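These notes are about the structure you will find just below.
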Amino acid sequence: MAPRSPMIAVVGPRRDASAGELAAAEEAGAGIASAGAVLVCGGLGGVMEAACRGARSEGGTTIGLLPGTERDEANGWVVLALPTGLGEGRNALIVRAADAVVAIGGGFGTLSEIGFALKAGKRVVGLGTWSVDRRDGGDATAAGIVVAANPHEAARLALEAAAATG
Amino acid sequence: MAPRSPMIAVVGPRRDASAGELAAAEEAGAGIASAGAVLVCGGLGGVMEAACRGARSEGGTTIGLLPGTERDEANGWVVLALPTGLGEGRNALIVRAADAVVAIGGGFGTLSEIGFALKAGKRVVGLGTWSVDRRDGGDATAAGIVVAANPHEAARLALEAAAATG
Amino acid sequence: MAPRSPMIAVVGPRRDASAGELAAAEEAGAGIASAGAVLVCGGLGGVMEAACRGARSEGGTTIGLLPGTERDEANGWVVLALPTGLGEGRNALIVRAADAVVAIGGGFGTLSEIGFALKAGKRVVGLGTWSVDRRDGGDATAAGIVVAANPHEAARLALEAAAATG
Amino acid sequence: MAPRSPMIAVVGPRRDASAGELAAAEEAGAGIASAGAVLVCGGLGGVMEAACRGARSEGGTTIGLLPGTERDEANGWVVLALPTGLGEGRNALIVRAADAVVAIGGGFGTLSEIGFALKAGKRVVGLGTWSVDRRDGGDATAAGIVVAANPHEAARLALEAAAATG
């Protein structure tokens, strides 16, 4: 039989990520890989690339679910680059592949991934990402984004959730 | 040549919608149809059904992009029921099909649709839906959900945005 | 309640369709629409456009499930143009939306649609399209493409299958 | 930087595969892995499972793109199990992820994958799979399925095609 490792998604913007967000993504990726989990992401630049670089620094496996049809789209730290041809629709696949999700920074694509993950009942750990609340003052805490204090904690919380559901 | 009408999506939860949200969806659907636009939605119950019922009350065309593979999933007010077999992944299709999006109430699926729409640069008009803000206090207004005061205004704002981009 | 009409897909190549194939597609589209069914297709040129033109000549409803993200991709005879952003992956959607499939001529995309339709247990009516057989001489007739003698018969056989499953 | 290996898809039926087809799939999987390529497949039983078992016997990496949303769907020889939630629509993803495709035996899903691969211009190597021909006697050889004499040759031909396009 094949070994089966937990998979943790790191989602975040390709562009407009701050230096702090990129550093956080790299540290979170390293934490995920050092725990033996597989990193899954959208495979492009920015937060995705930083997370992959971190995971590779620990010898981890990185999967990139690419929006286009060309493997060359992937950043240089993606080990397994899978072109999907689904455009932004591939965001749903990233979430489905993952046992838990770490969201860093906040593009709109990231917001869609948070929505998918919460809908699927998967743990979302946020680092400087979207705060989502019902405008009517409804049960905001039900939104279920767990805010991490730092990248190390983000990786730990995601890994714990993956272990609980695996 | 074929006539080509604007398409407006109404997104919102199937379950847990309040009576006020359902009434708002019905009124928004009616407003969309009375302006000659096509209503596109996820085709199920709750907010989706209410919006379709409203559109049909004005003789409008309603399209339901269903998550499953069976046409019978559709609510009774969907004229064109399209099973997609994509599960929640069909949320991306609803947004892509639409020229503008009206979000009513707030399930997590709705949140994913808001993310997709904003990512695609499409106008999102909200009625008692999610408030999304960058937790870091970043440019919250960039999130671009336009809050409507009532269903009539929601339909009008969506139709204006569709006309501007059509 | 909304009226619910059968949906028949017409699939075939955008490029390299012969004059005879285009004429057949137009006649099949007219036959589908005159029976009150909705035509669903990939929304582009060639066989798709000819089928839509035929359906519109009878005042029918035509749906185009487009591969890209722009409504303007659609041919001029598509009434309801739905950009999917799924590329060739939208071929699966065309089949899922349809009660039966008419395949005319034979591009490779058409071949994928035939495979999907047969897998889903939907009737495929062929006009000068692929002949698919198990190379090992296995149960070739099980492949289940019904060969029509002419476009009129193709539309009739598809409509009968749709009525039987509807 | 991450090493980047070629990816070869093995496609074939979950049910109704003959003992000979399963043995061929296992041998092809072993050949793919022993050359250092990654095996990608639909992740379920039958031909998919046999191919994964073969690849694992050589210590290879196996990716399963699952139709459902549960990782547990995967056969026991899949190392990286990715639930897609796309149903049969995931067939397009298998093809997009691969540099070349080996088709063994012939279910209808396999036929859809052959269509997608040929449409995408990817080499399809067949072992006892579908024979596809234009019914009008058109350019049948253009269909481009290369028939292999045995699993060893199938793996070799796919790897050569992957190397040429990589």
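Residue numbering begins at 1 within each chain, and the chains themselves are lettered A, B, C and D in the order written.
Assume a residue touches a chain if its C-beta (ideal position, glycine included) is under 8 Å from a C-beta of that chain, and two chains touch if they have at least 3 such contacts.
All values derive from a computational prediction rather than experimental measurement.
The chain with its Cα centroid farthest from the Cα centroid of chain B is D. Comparing chain pairs C-D and B-D, the larger number of C-beta contacts belongs to C-D. Between chain C and chain D, the centres computed from C-alpha atoms are 27 Å apart.
The distance from the centre of chain B to the centre of chain D, each centre being the mean of the chain's C-alpha atoms, comes to 39 Å. Counting partner chains per residue, chain A shows two or more touched chains at residues 69, 85-89, 92-93, 120. Within the complex formed with chain A, the residues of chain D that make contact are 1-4, 7, 38, 40, 52, 56, 61-63, 69, 71, 76-86, 92-93, 96-97, 120. Within the complex formed with chain C, the chain D residues making contact are 86-89, 91-93, 106-116, 118-120, 126, 128-136, 138, 143, 147.
Those residues of chain D that touch chain B in the complex are listed here as 69, 85-89.
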